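What follows are several structures.
The following pair of complexes shares a single chain, subunit A, combined with subunit B in the former and subunit C in the latter.
Take a look at the complex of A and B:
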């Protein structure tokens, strides 16, 4: 049966195109990673394997500084966005649809619909006047901006988890005279756990990867890893950038793999 | 009894709002609210050293299409701006068409894998989708730049005698955008093809349809919502692309986003930058509304 549908669904050239697409999708990334281990400066010459570029990147104070800042922002933004997204998910699921619920959805998903450059410019304008008015130039602006655009990424996995959850356990807890808070603390929250972890990881990755909004919102000397790399790409390129990229790439892929495993468990 | 239910509903709605409030405040403060401030700024007068001066002016908006000659104060169509708009639209359309051309066979391939293998192929498409856009753009840069991988290989093979100058052209930006936005085309099309009833193909073949007729008359109409979703998902970020034209266009082949940035740097024309951003927002919103309407019609009829 499956075999028959299989042969019928074959279209000429499709398989070749698809395989070529997969190859082209991964080749540049693999090249980038491979050349982070190249002892020679030039792409034209393979000078043998080395970890020198990683050593150089590690010893580079700009890279260290930017990495630390990226992590500070991503952790803060992930914590803030996941907290508000969890509350909003509890507020917008498993109750009778109420007036204004669509408005809440639109607001929460707004960062997915508005082009990044538009948000970036709007925040630049808004924060510029606050910077002048208060004199505060710190990381707060970046953390606030990142927290906001991470909300939908944290919200969606948590909501999905909530919608797939079994109501009866909470009813059972209530039947056993648990207070609403006890029910939430000991039943709902542990069940929701994987969704919250998945949402916070996604928010973390999205914050870590952001270029455009950060580029417009940051004050002088507040480079994150991506904006530092963007700045470097104007100058002459050394495999040091490849080494930094590869490390960021490895971190992202590790987190995403964990995310997929976490969210897949639910369906099994 | 009904009264009690009403009161319960009201309490439930109030709790819903209460729980959503922190998220709403955060988004109002750092996502939605600033858009309104930007709208106001688009009607102000540019300051000499950037920022704005308080005074009403529509120059920000007229500046989108027209420029005032600094010597004789005549107003004429701003050709440079039109070039940038045309490049943005042209490259976004080309990217959409090309990602469809290669993305459709890819989505079809994934959807026709045996069910056990499907998540693996889907995962392969999803990984680039979630990895850093800057890194993927840089990876393309590594391949196509003058001393890049492609030129090195072609020179060594003797296929070319001089390196191809692709980098810092429109074509480079097109290659880059196609590369980075391809997963956005494949994923919704996969979702549509995945629901496609393969028995329709058997019926088609039984009635002596050719492969071309099968594709045109059966497959494409049925998976059309996925195609439209993918096209809008690619077109919208292409139109607002900032990183790819900056890295692969080298500052000369500007698109709308880079032009907007310019107004907040050397251009020192914040109102024009704000007006351009609003315009981009309006265009993108219209595209999304068309998509939503279309999607609703599809589901209500289908």
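Take a look at the complex of A and C:
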């Protein structure tokens, strides 16, 4: 018997629209990746296959330097923001509902709503006064800035995981002589694990990608990979940029795939 | 009394405040002896879970005390009380294996590794799950999960085991099996069990004593036989088994049924006026109408195999159910419409309190 229930997929133009959307989303990226193997010097003319640009990028000290800095910031920011987000998620879910709970949720997620440029300017001004007062010029500012805007990204998957966790497990642990700390250590934390890993990876990717806030907050010589690329493209466009972008893309895709696998609901 | 494993003294619990306040427990007092199988029986919302959670330490009473082996534990957190719970939802740890679940309490108590392993093995054998020790709990059937929950709660050898409707999620056959299993476990371990159910048959067959609860109060505490044969009030009589309620008049310690006919039921000599007499359907006899019996009209007969249920009407319009054991022929020899006389087995009629 034919299924006559309503289905979006039977509307006219559905297939065409879907294909167009996917094309718009992925064609530019595919082009970018394809031209990273282009032997020609120009980014517009195809001159055959080569891995030269990857080699060049690999040998480029600026790229190495920026990559290392990006990773340092992303790892630190991910660790800090995930810790903060885990505590925030525990504090907002593992207790009786309290007055102003919604307000707290909004406050934690607010950075997602504030335009990034506003945060960037605010941080620039804020850190400038600290720089003057203390004289400190190091990476700390970037790490702090990244940690701050990564918190809501880390918070969401952790809180989702906690809300899906039956509170009766912690009750059972307490019944079986576990102190509050032991309950956290042996029950809450292991069950929360996938959520924490997912949150930290999301924070890592977000930090790795960031341009706007980094551009405003960084001191001289503190280019991260994205800001370095931006700087390069202003000068001269070579497929080396494509190669760097492709590697960044590969890393991001790998992390997001892992994120997806970790957060997907277990069937059963 | 040193014999009391657990005692609740004048426990009241009020949830919420003002308009929304709910009195879940109302001045509940009960003491339960060492090694007893004690059942809390009552309809949904009568406060059974609340009382259990209070004994476990998950809830603190608004007023009153909980005593464990004579010591006041009212303020003790759950992890400091030698009391374990079998939760209705089992609450097994999904990230641990069956054996790790069972070992959890012992590990938290800081028992030596060898003792933990030995006790865990013994508990798994006790609930017949030795083959499943390495499995994740999600790979078990409902009945097996139930057994893990039991083994996990029994492993630390608690003074009291609390079971909150542990069988309600199981199908009838498994339920019967687990009832026998629970009795066996209680017998073998000698641990005091406090068992919650709203299934009266389960309560009657399993318990040493039953507390019948309603609306946050304990209505009656007693052995299954006492509760069944001598219910103190209409609620208990009606909640446990089927009962006929007959209007009667009390005077000088004697009770006369409104519809006529005698009873051997007695009341305290101080009490007089209208009273209610309860009589179980299987304790009523049907005979020829006449002097010394309660006149009634047979309306309907339903054959139930071992029993035949007779539905009768009294002169004042009230209804009476009688259960007769079906004779070999299956025919009790009565026809609807017959005028009959009812009499009661000696000692079966019970005058209820208010």
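Following the convention adopted for this analysis, the second predicted complex is superposed on the first by the 253 of 268 C-alpha atoms of A that agree within 3 Å, B and C clash if a C-alpha of one lies under 4 Å from a C-alpha of the other, contacts with A are read in each partner's own complex, and residues count from 1 in each chain.
We adopt the following convention: a residue touches a chain if its C-beta (ideal position, glycine included) is under 8 Å from a C-beta of that chain, and two chains touch if they have at least 3 such contacts.
What you see is a predicted model, and the numbers here were worked out from it, not measured in a lab.
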item: Subunit B versus subunit C as contact partner of A:144, first or second or both or neither; value: first
item: Partner with the higher number of touched subunit A residues, subunit C or subunit B; value: B
item: First, second, both or neither for A:233, with subunit B first and subunit C second; value: first
item: Partner chain in contact with A:117 - subunit B first, subunit C second, else both or neither; value: first
item: Contacts of A:125 with subunit B and subunit C, given as first, second, both or neither; value: first
item: Contacts of A:175 with subunit B and subunit C, given as first, second, both or neither; value: second
item: Touched partner set for A:162, first subunit B, second subunit C, both or neither; value: neither
item: Subunit B versus subunit C as contact partner of A:92, first or second or both or neither; value: first
item: Which superposed partner A:77 touches (first subunit B, second subunit C, both, neither); value: neither
item: Overlap of subunit C and subunit B interfaces on subunit A (superposed complexes); value: none
item: Residue ranges of subunit A touching subunit B (in the complex, touch as defined); value: 2, 4-6, 8-15, 17-22, 24-29, 31-32, 35, 42-44, 80-81, 83-85, 87-88, 90-92, 95-96, 98-101, 104, 107-108, 110-111, 113-119, 121-126, 128, 144-145, 147-149, 151, 155, 205, 209, 211-212, 216, 226, 229-230, 233, 237, 241-242, 245, 248-249, 252-253, 256, 260, 264
item: In the complex with subunit A, residue positions of subunit B that touch it; value: 9, 12-13, 15-20, 22-24, 26-35, 37-38, 41, 51, 102-103, 105-106, 108-110, 112, 114, 119, 121, 123-128, 130-136, 138-143, 147-149, 152, 179, 182, 198-199, 201-202, 205, 211, 214-215, 236-237, 239-240, 242-243, 246-247, 256-257, 260-261, 264, 270, 273-274, 277-278, 280-281, 284-285, 288
item: Complex contacts: residues of subunit C adjacent to subunit A; value: 56-58, 77-80, 83-85, 87, 89, 91-95, 104-105, 108-109, 138, 152-153, 156
item: Subunit C contact footprint on subunit A (complex, rising order); value: 166, 168-169, 171-179, 182, 186-187, 190-191, 268
